[in-house]
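Residue numbering begins at 1 within each chain, and the chains themselves are lettered A, B, C and D in the order written.
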Amino acid sequence: MRKRILQVTGLDKSFGGLHATRNLNFELFEGDLNAIIGPNGAGKSTFFNLLTGYHRPDSGTVLFDGVDITNRPPHQITRIGISRAFQVSNIFPKMTVFENVRSAVQAQMGMAFNVFGNAAKIGNDRTAHLLSLCGLGEKSPNIAGALSQGDKKKLELTLALAGNPKLLLLDEPTAGMSLKETRETMGLVDRLNEKHNITILFTEHDLSVVFNHARNITLLHHGEIIIQGAPDQVRSNETAQNIYFGEHY
Amino acid sequence: MPSDLSSFLIQLFSGLSRAMMLFLVASGLSLIFGVMNILNFAHASLWLLGGYVTFSLYQAFSIGFGQHGFLLIPAILLGTVCMFGIGWLIERVLIRRTYAYELPEQLLLTFAMILIIGDLIKLIWGVQNRRIFLPIEPIEAFGGFINPYLFIVIGCGFGIAAALWFFLHRTRYGKIVRAAVHSREMVSALGIRIPAIYAGVYAMGVAIAAFSAGVFLPIMPIGLGLDMDLIVQCFAVVVIGGFGSILGTFVASLIVGILYSFSVLIWPGGALAIIFLILVTVLIIRPWGLFGTEMRF
Amino acid sequence: MPVETKPVALSNETEKNSCIAALHARAGLSGPVIAALGLFSLVVPLLPGEFPTIVGVEILILSLFAGSFNLIYGYMGQMSFGQGAFFGLGAYATALLCRWYQAGSTDIGYMQFFLALLLAIPVSALGALVVGFFLVRLTGIYFSILSMAFGELLFYIVFSWYSFTGGDDGIQGIYPPALLRDPHYYYYFTLAIVAVATFLLWRISRSPFGYTLRMLRDNQRRTAFVGVNIRWAMLLNFVLAGTFAGVAGALWGPFQRSVSPTLLGWMQSGSPVFMTLIGGADFFAGPFVGALIYTVLNAYVTRFTVFWPLTIGTIILIIVLFFPGGILSIIDGRLSRNRGSRDS
Amino acid sequence: MGDSDREGSWKNTVDLMNRAVSRRDFIITSGAAGVMTMVPRFARAQSAEPYRIGVLLPTTGSGANYSERPIKILPLIAADINSRGGLLGKHPIELHFRDDQTKPDVGAREARSLILNEKVKTIIGTWSSSVAMAVQEIIHEHKVLMLTATSNSSKIVNENYTPYCFMFGPTSGMQSRATVVAVTRLIKEKGWKKYATLGLDYEWGRDAQRVFVENLKKASPETELMKELWAKLGETDFTSYISAVMALKPNFLFGAIAGKDNETFLQQAKGAGLFKGIAYPGVFLPVTELMQQAKTLPRGIIGINRCPFFANMDKPLMQKYVKLYKDKFGKEEFPDDFACMYADALNALDQGATKAGTVETEAVRKSLTGATIETCQGKLPIRDCNNQLDCPSYLGEVVDVPEYPFPIFNPKTMIVVQGHDVWVPTCDEVRALQKKRS
C-alpha cells in the first residue's frame, strides 16, 4: 500500500461570487506523477495557489503528509515539503544563476536569517549538483534576468527543487519552450519522479506531453473535477471530449 | 465642543475651507500619481512657485492698470496658464527621462526639484514674504462674523472638483486619462500617444496647484519654506483618499479638514497627531486608500 | 545589480592581475574602494588644520548612516524615507543619558559615555521594531510613504515632548569625556566604531541573510516560495538598519555637542538617500563614496555660495538623469570595458 | 576677487558690494557671500591683520524673511568702522556670510567652518534659538565671541549661558513680562475679565505663553484664562482657530505667534472679524512686519517690538543707521529691529575693542561684560552676570502717521518697558539658573 501524501477535501474558493474551485476532493500518493488539465479558467492555478497557501480557501482542508496545512502561509508550506514552479517564471533576475539557486538552497537549509555566515561557502555543492541536474551548469555565472525564456523556466524548476520537496507542483513547466527543451525538461521530470522519488503534480496545455508523462490525469472544468483516471480513461471519456478535446480533435 | 449651532456652523465652514485648500493642492498630486505613477514630491514647491508668479503678474497689472482687486482674476488665470506651460516643460525635459527608471529615481528627481525650485524662488523674488492686499471686510453670518473670502475658497474648491469630474467623465481626453489610470497598456494599444497624455496630466496638476496658490494669496502670505509645511499634509490627504482617485482625494480632504477644524476645540495641539493617526491606520488597513484601487506593483 | 558578486572569469583574474584586480574579482569594485577609503581615512587627521578632521568625523558618521539605509534600499529594494528617525532616536538616547550623567556639570566619565553610546542600540532597535512591524506589510511607494509618515510621527513626538526631549530647542552641552573632545581623538574613536560597523555591514551583505535580502529585492513572491518568511526577513533587516542608523546618530550628538529634532525630520531622511544614489546603491561601497562626496561638497561649497540647495539639487538631477547608477557604476563600467578589451 | 582689491580702495569694494545689495534683493550679495565680502583689504601697509566676523543667518526656509535687513546693514556698519581704519584703527573688519538653514546641526557645522577656515573671532547672528544654542556650544569651546539678538530664548543667557555670548535684544521672557506690564494696565483701563491664548506649538511659543500666563496671574489674579489653543508651526490656515476663539468671546486674545505664521494669522483674523470684538494685545510686530504688511495690518491692535527706529530717532546712533540705510537702499527703506540690534552688536564690538585696547577675544569679552555701551537706543549697560543688554521692549497701538509710508506704534501711548524691570531680578538668581561649564 502506497502512502497517501496529499489529501484535499471539499476545497472551495470564490472571488467576488465567482467560484474558482467548488468542493474539490483530491488525493495524491507518494511517487505519483499526475497531471491536472482543463481549459483556461478551469481553476488549475487557483488550485495550486490554494495548495501552496497563496490563497486561503473559503472552506475545505488540505492534509499534506498527515499535517493540516490549510491555512499555513506559503513559506511554511514550502518548508514542509511542497515546492512550486510557476507558469510565468519567477526568478531573481538581478542575481547570477548560481546565486539564485544557492540562495534558495540556503533558505532550505534554514539559513535565510543567518546574518554572520559567509554565503559564498554554504551549499555550493548542492547548488552545483542541482544546476547540473537541470542542465544549467554552463549558465551558472550568467545574470538570471538575461537568460533565454527556456532557461528561465529551467531555473524556475531548479529553484523549486532547491526546496528539497516531497511534492513538486509544476505550473505548465514547458510553456514557451522549444521542442528540444520540452523533451529535456520532461525527461528531467520523469527522472526526478523515478530516481529521486519526488511526487509530482503538473498542469500542461500540451496534451501530448500530458498523455506521455502523467500516470493519472484530473480534468477540471469551472472549478469542478469532471473526471479522474489513467490517460486512456480520460482520453476516451465523452464528457471530457466535449469539454476539452472537442476543440482539438 | 461648540456651544451652539452658530459656532458649530462657523467651525464647519472653517473646516470646509481648509478641506478645499488641501483638495486643491492634493488633487494634482493624486492625478499625477494615478496616471503617471510618479510621486511628485515637488508639487507643493510648484504650488509655491505658482503663487509667486501670480503675485508678480498682479503687481505688473497693478502698475499697468492701477490698483484694483479684480485684477487678481486675470492674474490668477494667466498664472495658471504660465504654470501649465512650466509643468509641461518640466515633464518634457526632466520627468520624461525617468520613466524607464525605477520608482526611487523618480522620487529623487522630484526631491531634487524641491531644492532647486526653493533656491530659484530665492534668486528671483528674494527672501521676503509676499502678499496681496484685498480690502476684505468680515460679514455677519450665523450670529457671528465670518470671512467672506472663505466662501470664495470653498466655491473654488467645489468648482475645481466639479470641473475635474466633468473633464474626467465627460470629455474624450478625460476618459483616456481615466483609462490610463487603470491600464497604461490598454491606452497605448488603442494607439493614443501616451507621452502627450503624461505631459498634459502633469501640466494640469501643476496648473491646478498654481490656481489654488493664486486663490489663497489674499488670505495667505507666501514665503520660503511654505511648501515644506504643506507637502506632508497633502501626502496624507492623497494617501488617505487613495492615489489616483480624485473622489478619494476630495473625500479625504473633507475628512481631514473638518476633523482638524473640530479637533482644534477638543484637543488643541493634537490636530496634527490626529491626521497622522488616520494616515497610519489607513495605510495599514487599506494601503491603497479609501477610494484607491489596489496596488499595481 | 550586485556587481560586486560577479563571478565572471574568477580564476584567471586573480592570477593575471594586480592585487586590486584580485580584490575586485572577489569583492567587486567595492573591495578596493573600501580598502582605499579605509587607508585614506587613517591619514585624514594629519591634514593641515582642524577642519578636515571635523569634516572627516561627519563623513564617517554619515557613511554609516547611508550604509544602514542601503541595507533597506540597495539590498532589500525598498525606499525608506524615514531612516532619519532612527538616526535621531540613537542621537537622543545618547544625548539624554549623557545629560543625565552630567547633570550640573559638563564632565562625564568614560564608562558613562560608552554606556550612553550603547544605549542607542536598544533604543533605535526598539523604535525600528515598532515602526517596522507596521511597515513590512507594504512595499513600493506605500512603503516609502508610510516610512515617511512614521518618521514624521517620531519627529513630532520628539518635537513636542518638552519635558523629556527639550522640544524643538533640542539638547545642548553633550560633551564626550576630556580626551575625546579633541577632534583628532574623536575622529579615531569614530573611525574605530564605524570600521567595526562597516565590517558587520559587509558581513551581513555577504551572509545568507544578505542574499535573502537580494531575493526580496528581486522577487518577493519567489522568496516566499523558497521557504522564507518575507515579513520576518524584512522586519529583521529593518531593525538591523535602524540599529546601525542609531549607532551613527549616537556618535553625532557628542560630536556636534547638541541634538535637535531636525535630526528626525524627513529632510534629514533624505540625505542618506542622496548619498547612496550619488555613490551607487548597487555597490556596498556606494553609500560610503556618496557620503564622502556629499559631505565634502556640503562643507566646502557653503564657503562660496549660500545656494547649497541649488547646488546639491542640480548634482542630484544630473546623476539621476545621466548616471542613474551613481559614481561607482561609471567607474565600474570603465573598468569592465577595459578588462573586456584586454581579455578579448 | 583677490588681487584686484589691493589696487581699489575699501570704498570701491563697499560700493561694488552695495551696488549689488541695492538691488531689491540682498540675495545676490549673500549668494556670493564668501566671495564678495571677504576681502575688504586696505592697500595701506600699516594696516594690521583684519578682524574676521562670521555672520550666521538663515537665507533658506521661513526664517529668511528676517535676515534680509541685518545682512544688508552689517556691511554698511563694517564699512563705517573700516573708514576709520577698522577696529582700533588698524584691524579692518571682514564679514563672512553663511546660511544656517534654520537647522541646528547646519548652524554648528557652519560655525566650526567659520572659526576654523575663516579664522573668525566673532560670530554674529542666528535667527532661531535652537540654532543659537547649538552654535553657543561651539563658540564656547573655541573661545570665540557670539553676538546675538534675533534668537532670544531666555535659555541663551540663563541655562545655557556662556561668557562668550552677548545678547543685544530682549529675551522672550523679558518680552512676555513686558507684555504683561502693558496688558495689566489695559485690563485696569478697559475692565477686561477673561482671555484666551493662541500659541505656536514649539519652544518659543510655549515659553512665551507660559511666562505670560504665569506673570499675568501674579499681576492680575482675577483675570480668567478661558482656553489655550495651540497651532502647529507653519500653519497655513488659522480659520478654525480664529472661529474657535470667536466662539469663546474672550475680552482679549494673547498670541504667541511669530514670523510668517503671525502674518498669516493676522490676515485671516482680520478678514474673519476677530478684531471687531476681541482685543489682541502683545502680538510680535517687528518693524519688518509693519513695513511688509503696511496695507494689510489691522489698525488698533497692540503690538510689541524690540528695537523700533521710530521710537529712537532722537538717538544719534539710530539717526546714523537710518541715514546709512536710506542712502544706500532708497528713501522708502528703513532698517528693522533686527538690523538695528545687529548693527548695535557690531558697534558694541568696536567699543569693546577700543576699551580693551586690543582685539584679543578674552580682553574684549571682559571689557564688554558689565560695560555701558552706546546703542541706537541710547547708553545701555550690559548685565555682568549674563551679558544681557539692558534693552527695553516697546508696546504700542498700530496707527498710521504722515511721516512714514507704513504704520508705526502710536508715539503718544507707546509703553516702553525697561529691560531691568522685566529680566530675572537678581544676579544671584541668574547664576542659580546657569549650568556649570568646563
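The definition used in the following text is that contacts are C-beta pairs under 8 Å (C-beta built on N, C-alpha and C of every residue); 3 or more make two chains touch, one makes a residue touch a chain.
Everything numeric here is computed off the predicted structure, so don't read it as measured data.
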Minimal step count in the chain contact network, chain C to chain D: 1
Centroid comparison with chain D (C-alpha atoms), farthest chain: A
Mean-CA-position distance for chain B and chain A (Å): 50
Distance from the mean Cα position of chain D to that of chain A, given in whole angstrom: 74
Where chain A and chain C are represented by their mean Cα positions, the distance between them in whole Å: 41
Computed distance of Cα centres, chain D from chain B, in Å: 35
Multi-partner residues of chain D (at least 2 other chains): 27, 31, 59-60, 201, 233
Residues of chain A whose C-beta touches two or more other chains: none
Sites on chain B at which at least two other chains make contact: 118-119, 122-123, 228, 269, 272
Touching pairs - complete list by chain label: A-C, B-C, B-D, C-D
Chain C-touching residues of chain D, taken from the complex the two chains share: 27, 30-35, 59-60, 97-99, 101, 103-105, 108-110, 112-113, 116-118, 129-130, 133-134, 136-138, 141, 153, 155, 160, 201-203, 206, 233, 435-438
Parts of chain B lying in touch with chain C, wherever the complex brings them together: 33, 39, 94, 97-98, 101, 103-105, 107-109, 111-116, 118-120, 122-123, 228, 232, 235-236, 239, 243, 269, 272-273, 276, 279-280, 283-284, 287-288, 295, 297
Chain C residues within the chain B interface of the complex: 73, 79, 81, 134, 137-142, 144-146, 148-150, 152-153, 156, 160, 266-267, 270, 273-274, 277, 281, 307, 309-310, 312-314, 316-317, 320-321, 324
Sites on chain C touched by chain D in the complex: 49-51, 54, 58, 104-107, 159-160, 162, 166-170, 172-173, 175, 181, 252, 256-258, 260, 262-263, 299, 302-309
Contact set on chain B toward chain D in their complex: 2-3, 7, 10-11, 13-15, 17-18, 21, 118-119, 122-123, 125-129, 131, 133, 136-138, 144-150, 216, 218-221, 223-226, 228-230, 260-262, 264-265, 268-269, 271-272
